[in-house]
Structures are given as C-alpha cells and as structure tokens.
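Read from first to last, the chains carry the letters A, B, C, D, E and F; within each, the first residue is number 1.
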Amino acid sequence: MAHVRITRKIEFSAAHLYHNPKFSDEENRRIFGKCNNPHGHGHNYVLEVTIAGEPDPMTGMVLDLKELKDILQREIVDRMDHRFLNYEVPELSGQIPTCENIARVIWKLLDPKIVHGHLDRVRLYESPDLFVDCTAGDSA
Amino acid sequence: MAHVRITRKIEFSAAHLYHNPKFSDEENRRIFGKCNNPHGHGHNYVLEVTIAGEPDPMTGMVLDLKELKDILQREIVDRMDHRFLNYEVPELSGQIPTCENIARVIWKLLDPKIVHGHLDRVRLYESPDLFVDCTAGDSA
Amino acid sequence: MAHVRITRKIEFSAAHLYHNPKFSDEENRRIFGKCNNPHGHGHNYVLEVTIAGEPDPMTGMVLDLKELKDILQREIVDRMDHRFLNYEVPELSGQIPTCENIARVIWKLLDPKIVHGHLDRVRLYESPDLFVDCTAGDSA
Amino acid sequence: MAHVRITRKIEFSAAHLYHNPKFSDEENRRIFGKCNNPHGHGHNYVLEVTIAGEPDPMTGMVLDLKELKDILQREIVDRMDHRFLNYEVPELSGQIPTCENIARVIWKLLDPKIVHGHLDRVRLYESPDLFVDCTAGDSA
Amino acid sequence: MAHVRITRKIEFSAAHLYHNPKFSDEENRRIFGKCNNPHGHGHNYVLEVTIAGEPDPMTGMVLDLKELKDILQREIVDRMDHRFLNYEVPELSGQIPTCENIARVIWKLLDPKIVHGHLDRVRLYESPDLFVDCTAGDSA
Amino acid sequence: MAHVRITRKIEFSAAHLYHNPKFSDEENRRIFGKCNNPHGHGHNYVLEVTIAGEPDPMTGMVLDLKELKDILQREIVDRMDHRFLNYEVPELSGQIPTCENIARVIWKLLDPKIVHGHLDRVRLYESPDLFVDCTAGDSA
C-alpha cells in the first residue's frame, strides 16, 4: 500500500526587513542589499503544509481539512498575515526574518498541533522564484 | 552519477460526492460538509506521474514518453475523464472518492504498468490549493 | 486621468453535463462528445469579475472589496459552488450549461448588484485552457 | 492588417498600509480592515505594461525591449522595489496606496516615457486574485 | 444581453533567430542581442485564440470546439510546432520572426478559417513575461 | 530542529534536436518523433536549484543568494541561454539533449561550485507538463 501525504496551500501578506545590529551599517548593506532598506518591504507568502498519515477507512481522509484550516488560521494567518514580521511576530524576535527562518518558525508552530498524521514538510514561497522547505531533522 | 526521475503532468475532469452509508445523514453533513451534496460537484484534476530510472545511453530517455502517454490514456484518462467517480470507476467502489483514495487507486493502476524504470510518485491535485502524494510503502 | 478597472478572482467547483432533449441520442453524443456522459463530470471554475469606476479620493478604492466579496459569495458561490449546475441552478434551467451560458448567467446575476462603479467584464475559466468573456452588449 | 500590442511583465516587492488621517481610528479600522495595521504589510506586485504600435519592418518590433526594460527599471523598479510605498514614493504622497492608486501613478510615470508606440494599458496585480487595469481616459 | 467571446489556449515549441541581412553584423548584434545567435534558440509558445459570437441556443456554444481544435491543429500546430520558424514557415519568409510578426502571421492564417463567429484576438506568449496581442485593424 | 533546503528558480531559452547517428533515419524518426526534425525546435527551460544546509545564525541564510545568482549565471545561463544545445554546449557533446541528459549536465556543472551547503536537487522543466529531477546518486 502506497504512503500518502496531503498538502494544503494558503497565502499571507507581510512586510519585513533584514538588519543585524551586530553588523556595521556598511556590512548590513553589503550582505542584505535592498532587503536592508530600514522602512522594509513585503511579499505575498505562499505556504504549503504537508501532512503524512494513513487515510481513515471511514472518511478516506488523512485528517479533517476543516480542522487543518482552523490550525493554519490560528497559528499562521492570525500571527503573520498583514503583519510586519520583525515587529509583530515574537517567535522571530532576534532573528533575521529570512525565508529560511520564517519557515522554521512555521514548522515549530505547526508540528505540535498536528495530531492526526504528522507534519511532513513546510514549504514557504517568498516569491514564485524562491522557496524554502523544512522537513524533520535528524533527531526528530 | 545523479539519480534521475522524470515527471509527466496530465489533466482530467470528473465529478464526485462524499457519502458514507455507515454514517447518519447528520454525520455525513457534519463530516463532509458541502462535499456531501447528493447531486455531486466536480474538479479539474491535475495528475503528475513520476518515474525513476536510468536514462538509456542510446536515447537519453528513462522511458519512451509516447509509451507513458499511452499508459496514462488507457489506465487513467479513459477510466476517469468526464466521469462521475462514485458511479463509473469500479476501483473506487465502496470508498469515499477523496483525493487520498483516488491517488491510491491511480498508484495501484499505474504501478504494474511501468516496466521501464519504476513508479516513484503519484501526485494528484484536486485544486491548485490541495494535493496528495503517493509514494512506495514500507513493504514495497 | 487614466480609466480604472479592478478585478477580483474567485473559484468554485461544480458538476455539469450537456444534453439537449431536442437532439437524438446520437446527435447528443456527436455534438457534445464526452460532455454528454449522463452521469456528468465537473470542473474547478475560476471567475474574474471586473468593475469599472472612479476611485473614491477618500479611500483610493473603486468599491469596497468586502462588499464585492459579499456579493460574490451570495450571488455566485452560494448558488453554484459544490453544485450540479443542471439540477441545482434554476437560472440555467432549460439551457446547456456551457461556459458561455454560465458566464451569461453570472453577468445577469451580478450586473444589477454592482452599484459602486459598474460591471465591466465577467471572465469564466472552465479550465486553464478554455475561458469565456462577457461584456456589456450593444443596447446595454 | 491586425493591430499589435506588446506586453512586458515585471515584478517588484513593496510594503504599504492604508490610513486616512481624515477618518477616525474606528473608521480607518472599519473601512480598511487589516490593511490599516500601523506597522504595514507587503506584496509581490506584478506589473504588465502594454505598448500599442506598428512593428518596424526592419526589426519586426513595436519597440526595442531593452529600451523598455531600461524605462521600467528607472521609472518603476528603482522607485518602488523593496520600498515602503507610503513613506518612500513621493508620487503617492497624500494618497491611500491602493492597487488603484499605485496603478495610476505607474501610468502617469510611464506614459510620457513611451515614445515608440504608445502606452495602451497598465495592469498591476497586488496578488494573483486582485488586479487593476489603467487605460487611456476620455480626454487622453 | 452580454457580448460573448470564447478563448482556447494551445502550445507549441519552436526555434528561431533574429537576423536582418540589410543590417551589418555589428548592427544585428547590437539590435537583436542574444537573439542574433546564428545557431538559434527556442521557446514554448502559448497561443490564446479568441472568437466572438452569439451562442447557438441549441448547443449553448459560440462554435464547435472540436472544429476549432481541428483548425488550430492544421493551421498552426502542423505548421509551427517543433519547427525552426526562420527556415520552415514560408509565411514568415523575409520577416524577423519576432513575437509581433508571428502573431500577425497567426492572425492572417486563422482569420479566414473562422466562419462561426469571428476572430476577435490572437494572443501569443513567447515566455510568461512577454506576449503580443493582435486585434482587428482599422479597415477590418 | 528542522532540516532546511532553499530553492531558486531561473529560466533560459534554447533550441535542440534529437538524433542518434547509430540509428537509421527511420529509427530516429520512429523513436524521436517530431524531436528528430533536423532544423531543431526549442523551449523555455525552467530550472529549480535546491541547496541543503544550515542557516547561518548571523544572516539567517543557508547561502548568499547573490553568490548563487552569480554561479547560476556563469555556469548555466552563459552556457545555455539562447543557445542551440546540440552545437554550442560541449558538455552535451555526443549525447541526446533530452531533459534527462541536460539535467544531469546541470547537476555536474553546479555540484562542485556549491560550497556553502550542498546541492540537493536539480529540477529542469522542458515545459509545464514535463520535468526531470536529479538528486545525489548512491555513491555520492
């Protein structure tokens, strides 16, 4: 019997900027380029959340998609949509809000909430041309 | 030498509905929501079929794409395109035709037909925002 | 000053079939092909609704998008989403539910409801490869 | 002989927020919803610029696309990409940076710069589901 | 009653190069850039063909899509698909095969063949970021 | 801690043809179909390059995207964009330039150049409906 994973895609819009206070202004500009603009800029982020599991024989479903929708609304959309990520998402505090770091925060927020099946992958698109995948680490 | 997998995408249109006769009418409505509408509704399904294998040095190809096209036409399009999945696809009989279950039926139909290379993944999109992956199970 | 039109895209899933009782069975099969399958099939319809008008200087908006969302939910999604168009949409009664006819019904449903600005175009995709545009007719 | 228009698509990322100081805080929240968040949020804007004209018989081109690329870089990307539109784009000063208003500013910036052929349409996507078209006004 | 136009999208793959023998080699390189490479390069062209007309009350259709498919196969795909446009498409002989010129050739090939309804627009994408529209000219 | 992979997408346009001098003309036509056209044809190739690694705590990045952009420009775009792959890319010499073989050449070109993180996957789209993945082989 084949393994099954189901993926739901959602979107949110947010602003961010890259600045590390441990770097000089010149280093920040050189390393982060236009992303270092102090006013910030923004993106339409596209998030794909993949759950692995065995479909329930009674429903044919790995998990209830309404339940997943509620989790994604509460954990991700309410936290990040129409927000300035540097200032309004405490989980990113002290980190550069790169696509890599945002995807890892999303993984940490969602992983404990998925109880039917388990979180298999988080894919976050910052733009159609750039995306990051998170999957379970070695000790997971 | 890198491993190679090749993926072909096709589309088909079908109708379906979700109803489990072991559930009460109220349970069917609560669990399946609008998908329980007794008249049914439909989707443009998008299917990605991935074959793993070693390219033939004489042709540069993992498998003959015309051969794959014929298999996909005969096994999937002829069976499912412009069909009502609950009533016209015997392989789904007695199952809720969720994206999970349709993808598993597609896996079972295609797996024995792929003889040059082997079936690596079936991905079925029910909509741009929802898709299911099937890959070889533990005992495969 | 340039003319402004704003377009909102939404999606709905529905089933349909093509059959004209004035044609013989053989004519129905020849003219409508696989769309004549008596069980029906379905699509993910994508609808683009375009409103022309002058942006309000106080809001910068042609119309309130929340108001448009409510109109689209009430007039289109509640009527057509997860429905079998032949049996459940009275406005299509007695018509073949082609993309052309569905788009015209949508035009007629929306046109009187748009009171800030005016309806400029309805575009309905039956699939990524086939769509219909409705625009105001000669006497409109 | 058919009329010809050529369209080039580009992208830029920017942050914005909606707030009209003539409205009360409560009105701002009610009218602009999440877009009124004082920290701002952002989008990947997609811009399609359409030029109408007669192809040059010697080159087969309505205009030199390298020339158009330079105009779009100088007039739009350098001004708006990785910017906070409310604070960094003087042309939007005193306006709500809605998709409608940004598209009109882009029209006004580009129209005088297109000297081979003429500007026919500016289409600006704020997201895949929302876009604005500007075309020449009545007196243009 | 709203006006109706229906659009069918197809694809073809072709090679081309830009070279005008009336220009010097240096002019060819400066004007056409990488497109002047004498070996040529290629694209996946996407063609949208739009037909305007009144839906037939008996079929709900502006025209028979199977008939349109046959016209597109015979007039466009058989001529241009998997071809080197400069050497194998006589209609383009003596012209630079820019997107503008290819679209005009397609217009001229299709216009006399559309007898149910009339050809309203030809849109040809050379890439997702560059496309050309042809519509009926002034004297048409 | 979740594993992180970052993917950058780029595009290039190229021409190619399939012909194996060890096959008879008839075999070449039968096996390669329209791809055997001696003039060649072409595609807009889309390349996704995936790098696995640990984000640097100081920058939040697996690798500097400007550095990756330079590698992709030098190793892939400069070699393949606006080229006829059979005649102008020595790495493909003596091979049929199928999507499989091009993807393997790209893997071999990029793998030694990625020094921050490591190359995890090369995905090459020949068209939206056909793509090839390369991943590290058994002995890698």
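Side notes on the structure shown:
In this text, a contact is a pair of C-beta atoms (placed from the backbone, for glycine too) under 8 Å apart; a residue touches a chain by one contact, two chains touch by 3 or more.
The model shown is predicted, which means the values in this text are computed figures rather than measured ones.
Considering every other chain in turn, none proves to be in contact with both chain E and chain F.
Looking across E-F, A-D or B-F, the interface that copies A-F in more than half of its residue contact pairs is found at B-F.
In this structure chain B contacts its sequence twin chain F using mostly different residue numbers, the overlap staying below half.
Separating the centre of chain C from that of chain F, both taken as means of CA atoms, is a distance of 41 Å. Note: centroid distance chain D to chain F, computed from Cα atoms, is 34 Å. Rounded to a whole number, the gap between the C-alpha centres of chain A and chain B is 28 angstrom.
In chain C, the residues that touch at least two other chains are 128. Under the contact rule stated at the top, the pairs of chains that touch are A-B, A-D, A-F, B-C, B-F, C-D, C-E, D-E, E-F. For chain B in complex with chain C, the residues that touch the partner chain are 11, 13-16, 34-35, 37, 39-44, 81-84, 87-88, 127-128. Within the complex, the chain C residues that touch chain E are 18, 20, 22-23, 31-33, 95-101, 103-104, 107-108, 122, 128-138, 140.
Here chain E touches chain C in the complex through residues 1-10, 50, 55, 58-62, 64-66, going by the rule given at the top.
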